[in-house]
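Scrolling down, you'll hit the structures one after another.
In what follows, chain A forms one complex with chain B and a second complex with chain C.
Let's look at the complex of A and B:
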């Protein structure tokens, strides 16, 4: 059996209908109408110890609901979930010692006092022995470069500094599983890189299992080999990120700079769009090679400049969403 | 419980970050609160007694309720402000911690400025006890400690009920003020001065009368009924269903979500 085993979990929320208009608001005051939203349906997957999994999907796809179920905050309507031998929502107190959760949008640090004080509270909450606490703290300070910021009131920290403290706070008790819910949201490039490097290192050195959600695809590509794509509450793709890329790798983007008008029709040309100073083309390299198409174009117009690109991972995701109609 | 006291000390530290503000709030609390007592004192300067209760008897009654309320404001304010915790999603974080849920809520907020009321309440209590010429015995001493404890418990229970209501909806929370603030203002006086309906309500629905009225009668010698001395113990029972209702709310939360 896997470290994390999720079997066919479903969760439906009952929400009150909200209509616009004063009259409608008045009506709904007396008689509420409800509708049901299937947040997740039949979600199954298993994760091994020490894996890093990117959990992706558009807004409202059911990512947060899944994370909440896995971390024991919510219990599903049906289905099973066993993590390291425990059912998250049944053995709450025992289970939460094994996990650390970072919500990118919500802080767990105390606003008016230095991070180190929050650490002390966490030490008591998780009953971390002095020796272990000291060791973990120093280790985290070192790796996340917190030395100069740990004694400053949190409200005075920058977003990037705060996120580093946030991550450290979630790891003081040495969790076996770390949930990262959009850990790099709003961070600058340097902070992002620092956070990513740290996560990689953590996974390598401590074999921490990491489940990561993010809308920033570069987070996912740099951290995880495996992704689970979820949309409208269902698992659409679960597997290797590279394979998914290969599926779309035959397509190339060619942008051409030219002042002349290009009239081109051939097999393998999937689309042609006029851009500000030329044309954007998409070709299928299984049908037509890059040199062939460039050859054809250069015969027709004078090319000032040319740019050839692979499908970007962001585009890939947009395409995936389109393919799966989510 | 170590984490609870740690959290409280952090609150104190946070509040002291804004030192000037803390000092002024503390002083203004003393003044505001003194005005409450002033109302009672000036009332009694005109009327000798209210339905047979003298000034110090009323102040005794008053200080017990104030003590209980202020105690909760300092040590369990998070429960009073539970709606914020639900709205802002902080409750999820509490569920992610391996400790008792209610205790974690208690320390989520604190208002140390209210400690000034706590001190005032104790001073007023001591003054009125001295002035009342009570014939002391062991039961009366025990009774006063029970009153103080039950004063804490009654507001704790009411806050718990109000917090449970937040699991269903965070709208219309003003209703709770009828029972906490409104009830508090009436219970500051010996309930017996009000009409029968109120007496029944504050005896059987919200048992303020067991906190200060019945034990008051015993302590000041208006009644010899020994049961009155132990009537504050009712609150130790009253809190049980409140805790159960709260945990039913937690259960609902984890199946319905926010």
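Let's look at the complex of A and C:
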């Protein structure tokens, strides 16, 4: 039995169908039509203790819904989920002691008072002993660089400063599992790096199991070896990030700047698109090498500039979405 | 228990941040106190003299009402919980290892006390120097004062038990306006905040006997001015406790029920 065991979880939301406009609003006041959205359907996976898992998918894929079910906030319609021997939504109070959650788009800090006051509240909510609280607090202040901002009212903090405080607030009680729902949303490069390094260290030092969602693929690549890809509520891929990369590794992107018309057909050329000032080509290097294709092109047209790119992880994800038609 | 106390404390600290609001509140309550008293004073001057309360008692009642307003009115609502629900910040509330009903209960209680502690003293102090019979007076007896404090305390618990129902209902309805607004107005009317219960027509008096609202503030204020004696006061407190327990039980189970069906807004 794994540390986190999720079996065929489904959750459907009921939404009111409303067309825009005054007349429609009036109509729907009397007779409302509903439709159902399957936010999550038959999602299953298991996660071992100490793993970092990247949970990715396009907007509206069901990432946050899954996180909310796993953290005991939402009740699923069907399915099983056992985390460290507990069912999140049934043993909610006992369960949430073991977890920390960070929702990047929300705030748990009290808006009008300094972060440290919120920390004190959390200390009492989680019944953290004085000694442990002091130790954890100092550790977090040190690692997340909070010394200068912890006594400023939260409303006066910048987004990046606040996010660091949010993460610290979620870890005061030493959770075994940390759910991070877009923890780097809106952060600059420096803050992102700080947060990433911190998460890595946390996982290494305290063996905290971390489940992370993000739209920034560099978050995922730098943190987790394993990803779960979800689209339209279903798990599409669950496994090693590297393997996924390898699958598409043989493809290269070549963009050519030229004023002339390029007429090219050969094996290994997977696609050719006209761009603003030239062409974008995708080739399979197993069939044709880069030098061969460049050779062929330069014979036909005058190349002003050329750019060769590996498949970036972002493109890879876009491609995955395309392949799975989501 | 400690966590609930800390909630209370934090609400208090937050309340202290807004000094201007506190001063404005005091000014508003002075103003409304005077308006109420002037209206009643006019009735007393021109009336037949067949009125249910002496004017000096009434004035003390009205000043207590104004000074302790945020402790007794349904109208006073904490935006925070409604904002949590509408914005979806609710998910953090669910991720805490505490009973959500009592967490919210003590948040609201803390907010109300924080509000009142900052305001009641200046108002009562100043109004006790007003010319007779418009001034705020001492309680009729020491025993009445003690009983008043108990009834006021339980009354404030009761008003919070009622007002915590609104966010619990909006867990499902999303919007607290509409039915809740009507309910709030009716509840305030029947609790004697607009017009003290003794001035009600008898049919309304009979209706409100079977409702919890007059036990929020009318009971304690009338004990203070001596309009309700010690014996009847004690009976009133028993009824208060009955309502308090009943409303808490309703809220507790409604919360349990709604938590299973809640939807977190905004992704």
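In this section, the second predicted complex is superposed on the first by the 310 of 326 C-alpha atoms of A that agree within 3 Å, B and C clash if a C-alpha of one lies under 4 Å from a C-alpha of the other, contacts with A are read in each partner's own complex, and residues count from 1 in each chain.
Quick note on the criterion: contacts are C-beta pairs under 8 Å (C-beta built on N, C-alpha and C of every residue); 3 or more make two chains touch, one makes a residue touch a chain.
The structure displayed is predicted, hence computed values, not measured ones.
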{"item": "Combined model on chain A: chain C and chain B, fit or clash", "value": "clash"}
{"item": "Which superposed partner A:3 touches (first chain B, second chain C, both, neither)", "value": "neither"}
{"item": "First, second, both or neither for A:106, with chain B first and chain C second", "value": "both"}
{"item": "Touched partner set for A:321, first chain B, second chain C, both or neither", "value": "neither"}
{"item": "Touched partner set for A:125, first chain B, second chain C, both or neither", "value": "both"}
{"item": "Common interface positions of chain A, toward chain B and toward chain C", "value": "13, 68, 71-75, 89, 92-94, 96-97, 99, 101, 106, 108, 110, 112-113, 117-118, 120-121, 124-126, 153"}
{"item": "Complex contacts: residues of chain B adjacent to chain A", "value": "2-3, 6-7, 10, 13-14, 17-18, 88-90, 92-93, 95-99, 254-257"}
{"item": "Residues of chain A defined as touching chain B within the complex", "value": "13-14, 65, 68, 71-75, 89, 92-94, 96-97, 99, 101, 106, 108, 110-113, 117-118, 120-121, 124-126, 153"}
{"item": "Interface residues, chain A side, partner chain C - complex", "value": "13, 60, 64, 68, 71-75, 89, 92-94, 96-97, 99, 101, 103, 105-108, 110, 112-113, 117-118, 120-121, 124-127, 153"}
{"item": "Residue ranges of chain C touching chain A (in the complex, touch as defined)", "value": "2-3, 5-7, 10, 13-14, 17, 87-89, 91-92, 94-99, 260-264, 266-267"}
